[in-house]
Amino acid sequence: MNIEATQFEKAILLKVSGRMDAENAGEFDKACELWISQGAKHLIADLADLQYVSSMGLRSFLAAAQRLRSLSGSLILCGLKGLPRQVFEMTKLDSLFPIYETAQQALAAL
Amino acid sequence: MGSPFERLTLPARVESVRAFHRFVRSGAEAVGLDLADMDKLDLVLEEILINIARYAYEDGAGDVQVAYSTEAGSLLVEVTDQGRSFNPLDAAPPDLALGLADRPIGGLGVLLVRQIVGLLSYRRQGNQNILSFRFPGPGPITP
Amino acid sequence: MGSPFERLTLPARVESVRAFHRFVRSGAEAVGLDLADMDKLDLVLEEILINIARYAYEDGAGDVQVAYSTEAGSLLVEVTDQGRSFNPLDAAPPDLALGLADRPIGGLGVLLVRQIVGLLSYRRQGNQNILSFRFPGPGPITP
Amino acid sequence: MNIEATQFEKAILLKVSGRMDAENAGEFDKACELWISQGAKHLIADLADLQYVSSMGLRSFLAAAQRLRSLSGSLILCGLKGLPRQVFEMTKLDSLFPIYETAQQALAAL
């Protein structure tokens, strides 16, 4: 898994690519914590190049979303497709996040 | 009859999951699973193995064995541990209707396994939990 | 050995597809396919049947037979026509890199069948095309 | 299959639900033709409640998109999930349409 962060005016874009599993989901938690501690309100996770995510990854997404919500912010998802999309749909998590097709759309909506 | 089982036993720990993924990959290739199905197989295995690592052993240490056999177009996978008796088919499904604030962080692993694998078989044999499933994508008929 | 085949023969026409869907549904339920897999099975069948309706018979009229057999956790489906010889495994794949303006309207049916079914078997037997595939979602192991 | 049309200032929203197969895909063609003949530039197909689509349905989407493009308009998709999403991904058609997660997002972007 690789996480690439880009800072925009209203949000931090985290491009998560590769495979997110039990062994490395913690890296996503850390990236979120880092940006939240620096005052970020909205994080956008771009999952267009995420090939694989297991339930440990889902925990990380959910935890970050709940944390940001309590700070009146949000975790926004975009680029959800393939197996990750199916995993979000099977667990009905797709109804709990603001989702956009592309990072551009997500940024434009803020 | 089916080909004999290939077996790998490792400590039931998060750090063993990727080694098991590599291990079953040869079987998955032998039966011609496509990449999308391989990822699904990895996911099912990861969920089962993580749960064994987290919950199966009282003192937190024990082994887990993954065995597979390639039969005509189909991969049979069997996961065996010696931990407490746990039948995932009896596990209460999580409440998927809860909103973001109320949704517990977790409780989705068994659900994913059951959704992807469709039917799963479980048996308790002596002090062992044995979970097994067959993993073909829809495949060719075999004469 | 497997259970005997159930068979249904109808005119190779668009209007027959839904009747074939209903027909295989009983087999799909017998092997415990979930709703998502049933839709995929319907899709594969529709693509094959539509192509037979459109391309198989010179004079545009002929029959098609769908047969299925439920074996241990698995649905075997066989589609037979008496049209011109056509092996979908030899069909050139469409160019998926083309832009909207250049993309031909069509050419996606065989691709979908091959992607969903994974491996597909084809044989020409006398004047018949026989396409067959097995449709389990990943299922339970059978003893 | 059911098609429900709603007229917005900049686009017609077509909510397509149920199963779109070889037998009924023509109804979608007709709905598109009707709105195009009445001067619609942008059609938004909301597929959130579409359970099933076969290649005959894909032909209809592609034909409408090409037609609208030649009129400097567009066929916009939203609500793509489940089997229809997988079918668009397998055929790489998802790269040929403007796609939004929800009808609201699609309308807001026009």
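To keep things simple, chains are lettered A, B, C and D as they appear, and every chain counts its residues starting from 1.
The definition used in the following text is that a residue touches a chain if its C-beta (ideal position, glycine included) is under 8 Å from a C-beta of that chain, and two chains touch if they have at least 3 such contacts.
Since the structure is predicted, the reported quantities are computational estimates derived from the model, not experimental observations.
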item: Number of hops, chain A to chain D, where each hop joins two touching chains; value: 1
item: Length of the line joining the C-alpha centres of chain B and chain D, rounded to whole Å; value: 39
item: Distance between the centres, which are taken as Cα means, of chain C and chain B, whole angstrom; value: 30
item: Rounded Å distance, chain A centre to chain B centre (Cα mean); value: 26
item: Set of chain C residues in contact with two or more other chains; value: 40, 115-116
item: Shared interface positions of chain D, touching two or more other chains; value: 82
item: Chain contact graph, described as a line, ring, star, complete graph or other shape; value: ring
item: Chain-to-chain touches, reported pairwise for every pair that qualifies; value: A-B, A-D, B-C, C-D
item: Sites on chain B touched by chain A in the complex; value: 14-15, 17-18, 36, 39-40, 42-43, 46-47, 50, 96-97, 99-101, 103, 105-106, 108-109, 111-112, 115-116
item: Chain B to chain C touching residues, read off their complex; value: 32-34, 37, 40-41, 44, 73, 76, 78, 115-121, 132-142
item: Complex interface listing, chain A residues touching chain B; value: 21-23, 51-52, 54-56, 58-59, 62-63, 65-66, 69, 82-83, 87, 90-93, 96-97
item: Chain A - residues contacting chain D, complex; value: 81-82, 85-86, 89, 94, 99-101, 105, 108-109
